[in-house]
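Down below are the structures I want you to see.
Across the two complexes that follow, chain A remains constant while its partner is chain B and subsequently chain C.
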Partner chain A sequence: MKLDTRLVTDPDRSVARLYLAGALNTDTAPAFEQELQQVLASGLQVNVLDMRDLDYISSAGLRVIFKAAKQAREAGQRLAASHRKPHIEKVFEILKALPDMAVFANDQELDDYLDAMQARSR
Partner chain B sequence: MKLSLRRELGEIERIVAARRSLFAASDLPDALIYPVDLATEELFVNMLRHNQQGQGPITLELEVVAGGVRVSLADHDAEPFDPASVPPVDISRPLNERQIGGLGLHLVRQLVGSVHYHYHNRCNTLSFMAREEPTDV
Partner chain C sequence: MTASIASRLILSLTLSASTIIAIALLVDYRLSREEILERLRVDSRLTVVDVVQDLERLLRGIEGNTRFIAGILARRQGSEEEIAQLLQEAVLHHDDVFGATIALARGQSAHPNGFAPYYFKQGGGVAYSDLTEGPVPYWQRPWFDDAASSGEPRWVEPYFDAGGAEIYMTTFSVPAFTTDDQGDQRLYAIVTADLTLEELHRYLKRLELGQHGIGFLVSREGLVMSSDADTVEMRPWQEVLPESQRQQFWLDMVNEAEPGKHTARHSDCAVVAGPCIIHMTRLQHSGWVLGVIYSERDVLAELRAYEYKVIALGLLCLAVMAVVVNLLTRRITRPLSALALSADQLGEGHLDTPLPQARGGDEVARLVQSFGHMKEELKRHISDLEQATANRSRMEGELSAARDIQMAMLPQSGRASEHCADFLLWATVESARTVGGDLFTYSLQGRKLFFAVGDVSDKGVPAALFMARSLSHLQHPGNRSPGQKLAELNNALVERNSNCMFVTLVLAVLDLDSLELRYASAGHPPPLLLHEGRSICPLQESGPATGLARDQAFPDNVLQLSPGDRLVLYTDGVDEAFNSAGEMFGTGRLAAWLDSCAGQSLAEAGQGLIEAISHFAEGVAQSDDITLLLLEVPRPTNQRGHQRSFHLTPDVIAASLDWLVAVLGPQLAPEAHSELQLVLEEVITNIYKYSGLGEQDTVSVALTIDDETVRLTVRDAGRAFNPLQDGRRAALGADIDHAEIGGLGVHLIEQLTDRQHYRREGDENCLELDRSLITTEDSTGTRS
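Here is the complex of A and B:
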């Protein structure tokens, strides 16, 4: 299975949403890493990986995400994950590697977070 | 079901296609799809990484057994590599600082339990059983 991505940016709120669909595995992780690096390089504050259509992730994909999360935090940005399917949420939890990331179960949680970020920056 | 895999990452797609065929032809629960896909990919990639001089194909076997699936991967011209020799991953360390391979094996152990290792006549075989967790009655 391939990985398809779609990027939607909201410069006014300084948010990038990268929608992932398919499989983030050892084969697709290198191209995804390049794309994610480009997203972060655009300098937006909050970068959300929307996983509602992500069916599969392996350790190679998780490694890319958490490396980018750490890098984003060090650059004063945030990398977040949203809409994780239960089996994907489970592997995030197994790895107990979330200190650099925010996670959102749904759009409401994400919107609340973005509103709070905006309120803080005013 | 038996499959001969080339030593390249693009073969992950064929692994998934084979697993799909197996599940379509049986009444295996969907809950086993992710553990089987993940454990098979992680072990296949480990075999490639630990035997980069290897030339021949890697044989994948998928078999429906009572309550689940048995998966084995055999590298026919390899030095011994027992995943149990990989130290347990230190999950207190940042993910990007953990050792390559250890992370995937940690996930495999968490999702399907132990990985069985057998080495004979330069053939390295790794296998596991994915079974549905018993439900509370």
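Here is the complex of A and C:
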């Protein structure tokens, strides 16, 4: 099982969307960590992990997200997750992971959030 | 200090030279000493003879003169005036005579006190003294009495002439007799002549005696008349020699001395320090003893001084020699020291170190040349060696890669373990070399299990290549019988086999429903069967080894198995393993092992046999590849079980998850399916990262499913570790600032399974995880 990623950035709204497809597990986590570090390093305000095509996540994957979230917060950035499949959501819930992390069920919620963020920053 | 050549040379040369010098000096001293002493003996004898002759002449002169006067008086008794005249002339004309008297016997003179005029030398002239005037009458004095009573001329014992000349002297007295008419002789007078001890002393001084040599003259009665003292003396010899021990020695010597006979001694005389050389003789008329004493020490003093000079010169020569040797050896060894430094550098691998310059064609220069030659040879050799090592390590690398590739051709990389509901299978290949010619394979097609074990002739790379070729032709036979499949394989291998390699193998198909085993053999040992706890070796019909001649027939053999039966396929590396005594492991031990392992799992039994063979061979290198395949038909249960071992390579997680997906099939709900994968991944990840095991080690994963529960059992031989208790466990629900990174896996394992149990079994960690398949509210209560 492997992990494919695709990055879409919207510099105008200072948003980066990283699409994850496949499995985020022990094998794929190290490469993903590097990639996520690069995304955060580009300095955009809001970084969204789009999990609509993510089939599988293990604790190793969550660890990477944890670490990145912590780092983002220290840098004044936001890391959010969206479109989690039910069993992915379950893993998040079991680990009570990131209670204060923004999570969006669909595009509408995400757009609303982004608009609100933009409105606030103006 | 380490002894350098210089110091050793100096030491040995100095020692030998000084020994030679010392011996030469000693010999020289001995010889010179003997010679000197001998010369001294001769000289002293001659000197003594000379002095004795002089003295005797002196004494004879005095004696003759005195006797002559006495003769005159005996014939004609002159008047007092004539007598005085005679005496005056005698004293005046005889140089050696100090004084003289003519003392008339009592009664021959008209004077009551007798008549004794005495004339003696004084100043340049002659003095007169009247001897009748002394306190004692002169006829009682020894010089008178001795001669008068004996009637013979005599030398009187020395005395001090009190009342006369007042000096030490000795006197020769001659009696003069007159004959009366009757012919009787009557003493008329005593005629004397005096000799001063000073005169005697002067004679003695003519002895050349050296600093410590002593000449002496002793009277008949033992009065020392002259010795080494400067002035005249007169002492009893006992006074001169207070040591009573030596007195006897001297007494003996004096008694031995006879006129004309020389007595010599070389001994300790107590007169001078050290040994003395003594020479002695007796004078004829006076009976005096004349002697010389030489101090040996004194005589040899010059010799000693000479020897000391020679020793000093020798020491100087030794010192000069040491300096010269030192300079010379340093000159010789300097290039050697430099060479040693260079050799050290060479030894440390600096082969470009320059060697010291060596001039000339001596041994050192030749050594330096040899070193230079050796250095070049060493360089060349090392370069060759580097080349060879590079080649060898490349070869080894290639062989190692070849081994990996070869093992990858075999199911589960050569160590297979399969647990299915219908059969259990365990197989292994132990190559004698890096690569080998043994093979096994198995595959399941529908309800038919196909498996084969084979052995390529020869070993090593050729066998490995032919094994790969054989393996490529070995796939499931489909509807063909094993015999037909073997015949096909045989024809395929005969093609382009100019080396006449061949393979022996057993190829079998087991019908999992009917448990009918159909197998064909190409010159391979038949399978062994364990049935009802007893080993059986079924008879088989076999064809020839494959690869040698085309169109061969391989008859099928049929064996009906029962549940619980075990089948063993092996290559000849098992039964033909040799020990150091040259014995073969043999089928007897193989059958005994099979009988003994009935209660063990296939893996335990197989591992046990491999260890038994290794123990049997004990130090003898494995001679042939060993392949062992064990197959068991389990007794029926309602459980479906699967087991598989995975090497802890980087892809262990992917491999174990793939296996899990394959064995689960579509029989579980997708959610349970996915969550079991997640659980297994967490468990395997833990073991992979933290067990301390390496790629050679395996983790065993077993899955059993019945109608209610699915159970994952994971075993590893790593360090004892209970992930449920000992594992790091992050606190959950913290906000991002306090959340821990890591320590999440154990939460997932606990939440996604219903029962977790850890135990340590022997050297193994065993983790059992149960998940209920009944999806009621109660049973899912613990799960979210």
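The rule is short, and it goes like this: the second predicted complex is superposed on the first by the 120 of 122 C-alpha atoms of A that agree within 3 Å, B and C clash if a C-alpha of one lies under 4 Å from a C-alpha of the other, contacts with A are read in each partner's own complex, and residues count from 1 in each chain.
The rule is simple: a contact is a pair of C-beta atoms (placed from the backbone, for glycine too) under 8 Å apart; a residue touches a chain by one contact, two chains touch by 3 or more.
This one's a predicted model, so the numbers in the text were calculated from it and none came from an experiment.
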Chain B and chain C placed together on chain A: clash or fit? clash
Max touched-residue count on chain A (chain B vs chain C) belongs to chain C
A:K70 contacts which: chain B (first), chain C (second), both, neither? both
When the two structures are overlaid on chain A, which partner does A:S59 contact: first (chain B), second (chain C), both, or neither? both
On the A-aligned overlay, A:M101 touches which partner chain: chain B = first, chain C = second, or both, or neither?
second
Footprint intersection on chain A (chain B / chain C) at 1, 25-27, 56, 58-60, 62-63, 66-67, 70, 87, 91, 94-97, 100
Within the complex, chain B is touched by chain A residues 1, 23, 25-27, 56, 58-60, 62-63, 66-67, 70, 87, 91, 94-97, 100
Contacts from chain B onto chain A in the complex sit at residues 9-10, 12-13, 16, 34, 37-38, 41-42, 45, 91-92, 94-96, 103-104, 106-107, 110-111
Chain C contacts chain A in the complex at 651, 653-654, 657, 671, 674-675, 677-678, 681-682, 685, 688, 730, 732-733, 735-737, 739, 741-742, 744-745, 747-748, 751-752, 784
Per the touch rule, the chain A residues reaching chain C in their complex are 1, 25-27, 55-56, 58-60, 62-63, 66-67, 69-70, 73, 87, 90-91, 93-101
